[in-house]
Structure formats: C-alpha cells, structure tokens
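Shared between the two complexes below is chain A, which has chain B as its partner in the first and chain C in the second.
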Partner chain A sequence: MITISVLENFSEFPALRHCNISDNSGEEFYHKVLNKVLKDAYEKGEKLTVNLDNTAGYASSFLDEAFGNLVYDFTLDVVKKNIEIISYQEPHWKDMIENQTYMQWEKRRKNNQNPKVTKNHEAWFRLENNQLKSKIWEHPAAV
Partner chain B sequence: MGTSCCCINPFDSFTNANWIALVGIAVNAILAFWIVRTIQNKLTNKRVLKDHFINEVKEIRNDYKNCLNNLYLNQTNAKIVIPWFKLINIKIDDLMILISQKYKKIDQKALNPYQNELRELITENEDFIKQYESGKQVNFSEISRNQFIKFQQKHNHLFNDIIIKINDAE
Partner chain C sequence: MINHLTGVSKYYLPVKTIILEICGNSIEWSGTESRQWLLGVKYETNKVVFTVTDVGKGILETLYRRFTMRFFETFKSNDEVLKGAFDKKYSSTTQEVNRNKGLPAVKANFDIGTINKLIVLTNNVILHFDNNTFSKTFVKGSPRFKGTFYQWEINNDCLNKLMN
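The block that comes next holds the complex of A and B.
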C-alpha cells in the first residue's frame, strides 16, 4: 500500500482550484503529486491512501480539482478500486469527494469535457484503452 | 420494699392502627427524602447539562455572526477564512455528536449549511477568488454581500431550532 498525505507531500496550506488564482492549488497538487502516485500504485496493483488530515483546511474547489482530474485521467472504476481517502478531522471531505466529485467528473470524462489547465505542466499519465500513456494532454487557454 | 418504675412506655398503649399510621409516616418521610435527593438531583443535573449545551450552541452562533459581520465590513483576510472554517467545523462536529447522542431528536448534521454551504459560498465567490493571493482583506461587491445576507436569512433559525429541541427534551 502506498500512503501519501497532503501535509507531507504537498503543503500545509492548500489553496484554491487553479494555478492562475493561487499558489498550492488543486491543479498543482494533481500535476505534481497525485497523478504520479496513482500511476505508480496502479502499475504495482497496490492501493493508494491519501490522508487529508492535519493541513490548515481546504476549499472544496481544491479537492474537487485534484480528485476530479484523477477520475478524468484514470476512470471512475480505477479510482474507486485504487484510492482510499482518510479525513478524520473533517469527514465531510471524504463524503464530498466520493459521492459528488467522482460522479461529476466521470460524467465529464464521458462527455469529453476536457479539464482546464491554467499553466504549462510536465507530461502526465492518462489511461487510454487500458494503456497508461504519458503526454501533455492539455494546454492553458490563450488569453 | 421493691422499686417501681416511674416511666411509662408510650408504645405500650399503641394499637395496631397506631403502628400502621407510624409506619406510614416513616415510609412517607423516607420517600420524600428519596425524591428530594434522587429525582431533584437528576432534574438539576439534566438542567445543568442542557444549559451547558445551549451555551455552546450560542457561542457557535456568535462565532458565525462575527464571521459574517467581518465579511459585510470587508474585514476578512482571504487566507484566514479556510483555517477558520476547519477549526469551527471540528468544534461543531464534536459538539453535535454529543448533543445528538444525548437528545435523539437532534440531527448531528443540523448545522451542515453553516459548516459546508457557507464555506463554499465564500470560497467560490468571485471577489474572494480574485483577491485571494493579495493577502489583504477582501472587498466584497454588493452582489456578494446580498448573497451572504440571503444565506443568513435562510439559515439563521437553525441555532434556535437546536436550542428549542435541547430545552424541550425529556
């Protein structure tokens, strides 16, 4: 089992949804941490545990963006099978991610509504026809 | 010459009816003592606990009142809001678990709109998002302030609902 925590692997002060509105955004957490660790866990056939506790708190948009992108790139089935969320301090977040975010982003994935990126990221992993592929899937919209 | 007893035992002349009456008085006295000691203590304890929980609910209502006042007056630093919500949510969760266990008619998630909807209303607010990184106090537009007022009007009764239910509980 692979375990990460937002506090130790990212920041004590997670902020808002996108990189263009705040540092330590959900978009950044996804591209710097979450995408890679789920790819590792998926390849090894292990479960990934993500601990949300002990940070200074979350905006719902941070978590929605981070965990929503996971569903978009890896599908709802893979995410549900491979991820365990721990949120003892604020149990609401686990409920929200598992019962709202996952469903909304799966719908989005099926409708090909691409996720928005607000800065250039390194290549990241996505499942295509059950194969993991790494590339830069999205670019920031030109202003 | 033999000695004679000068004392008359009052119980010598007691009839059965007298004895029954005496036992009745004793039983009543014991019962009264038990009522005062046990039931009254129980009622007092219940009242003290109710008052304590009611005060805790009032304190949380005041915390939210101050939070909303600061939003209206543009005295809120965006980066303070998220940690503030985490702390108050932990405080509310602890309290509501106890209250809902003690008073079965009270829903543990009764303050959910304040815990989650209000946080979402603020952190998804356009003014909040635009000014988040500035590290300064957020200036909310009239439209945003109206949204906060509407929220308060819609959900302010929740605290009184809990207080009434605690007070009315057996």
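The block that comes next holds the complex of A and C.
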C-alpha cells in the first residue's frame, strides 16, 4: 500500500481550485503529486491512501479539482478501487469527494468536458483504452 | 483565535474553509479590482467576530450572470434567490457539474454550529441565517451594497461542536 498525506507531500496550507487564482491549488496538487502516485499504485496493483488530516484546512474547490481530475484521467471505477481517503478531522470532506466529486467528474469524463488547466504542466498520465499514456493533455486557454 | 478562547494555539479548520470559500468566490467571480478582499477579526470576551468584505459585483449580480434559473425563480424575492444559492439550487451555465460547492460549504458550517450568527449582505439583500425574520430584500430605491459582506461569530460552543 502507498500512503501520502497532503501535509507531508504537498502543503500545510492547501488553497483554491486553480493555479491562476492561488498558490498551493488543487490543480497544482494533482499535477505535482496525485496523478503520479496513483499511476504508480495502479501499475503495482496497490492501494493508494491519501491522508487529508493535519493541514490548516480546506476549500471544497481544492479537493474537488484534485480528486475530480483523478476520476477524469483514470475513470471512476479505477479510482474507487484504488484510493482510500482518510479524513478523521473533517469526515465531511471524504463524504463530499466520494459522494459528489467522483460522480460529477465521471459525468464530465463521459461527456468529454475536459478539465481546465490554468498553467502549463509537465506530461501527466491518463488511461486510454485501459493503457496508461503520458502526455500534455490540456493547455491553458489563451487569454 | 482558538488561543483567545481557550488558551491553546491550534488551527480552527472551519474558519480556514469559510475564508477560502469566500475569498475564492471574490477573486474568481466578483470582478473586484486587483482581486482585493478585506478580512476583519474582533476579539471580544468569550467570542471572536469575523467579517469578510469585497466590493465586487455582489452575489446576486453574479448569480444572474452565471446561472440558469427556471422561469418561476424570477418571481421569487431576491432574499429567497440568495438563500437558494446557499442551498445549491442553481446549476452553472458553465456546464461544469462539479462546481457550486463554496456557498453551501459556508452554510454547512453554520448549520452544524461551528460558526454562529452568520449574516450575509449583498446587493439589495441581507440574510440573517440565525433569525430569518430579519432577512429581507430592500425596498426599491433603498441604498444597495455593491459587493458582499459576511459576518459570523465563534465562541466555545462552536469549538465544542467541532470536537464532538
């Protein structure tokens, strides 16, 4: 089992949804941390545990963007099977992610409503026809 | 803040959530100059009072631009429409089904008691979440608040709600 925590692997001060409106955004957490660790866990056939506790607190949008992108790139089925969320301090976040974010982003995925990125990211992993592929899937919209 | 109420320094997670949700709305949707917003904290005996203010468009003005409303919603008073936004009644015209969790997250903290006396003033509406009889839409011709003002209080009962 692979275990990460937002505090240890990202920041004590997670902030808002996108990189263009805040530092330590959900978009940044996804692209710097979450996408790679789920890819590793998926390849090894291991479960990934993500611990949300002991930060200074969350915005719903940070968690929605980070975990929603996982569903978009890996599918709801893979995410549900491979990820365990720990949120003892604020259990309502685990509830929101598992009962709202996952389903809403699966709907986005099926409707091909691409995730929005607000800065250029390195290549990241996505499942296509059950094959993991790495590339830059999205670019920031031209302003 | 917890140190003021209990003598022990630690994070009070609901405050961080509420401030993030409000400032996120301010800088993403309200169109404030230079994305500015203002936080006020007043330490009183046995309680702490918070205010957050922005001078953007205001929630209602933003709602009417962003959201699709069913025809009958247009006959509702503005305070009813604003309450609906906190209850996640409107879907986004951006078609991003995962959005609109911020205002409900603020209200959820009031509902579970981790904050008290939540007041929201925006455009021509004031909502008192703890006593709806004081909530109202201002009569036509009254001064309006161009922006959004939030106020809430935290006392030891709120801290106990979080611990329980």
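Just so it is clear, the second predicted complex is superposed on the first by the 143 of 143 C-alpha atoms of A that agree within 3 Å, B and C clash if a C-alpha of one lies under 4 Å from a C-alpha of the other, contacts with A are read in each partner's own complex, and residues count from 1 in each chain.
FYI, contacts are C-beta pairs under 8 Å (C-beta built on N, C-alpha and C of every residue); 3 or more make two chains touch, one makes a residue touch a chain.
Everything numeric in this text was worked out from a predicted model, so none of it was measured.
Annotation: superposed three-chain arrangement on chain A; chain B versus chain C shows a clash. Using the contact criterion defined above for the overlaid structures, shared-chain residue A:A59 touches chain B and also reaches chain C. Comparing chain B with chain C, more residues of chain A are touched by C. When the shared chain is aligned, no partner comes close enough to touch A:K36: not chain B, not chain C. When the shared chain is aligned, chain C comes close enough to touch A:G68, but chain B does not. By the document's definition of touching, both partners, chain B and chain C, reach A:I21. Once the two complexes are overlaid on the shared chain, A:K94 sits clear of chain B and of chain C alike. Taking the listed stretches 1-9, 19-27, 37-45 or 55-63 of chain B in turn, the superposition on chain A shows a clash with chain C for 55-63 alone. Overlap of the chain B and chain C interfaces on chain A: residues 15-16, 21-22, 56-61, 89-90, 92, 96. On the side of chain B, the complex with chain A involves touching residues 79, 82-87, 89-90, 93, 115-116, 119-120, 123-124, 129-130, 132-133.
Residues 11-17, 20-21, 23-24, 27-28, 35, 95-98, 101-102, 105, 108 of chain C are the ones touching chain A in the complex.
Of all residues in chain A, only 15-17, 21-22, 56-62, 64, 68, 89-90, 92, 96, 100-101, 104-105, 107-108, 113 touch chain C in the complex they form.
Chain A meets chain B in the complex at residues 13, 15-16, 21-23, 56-61, 89-92, 96.
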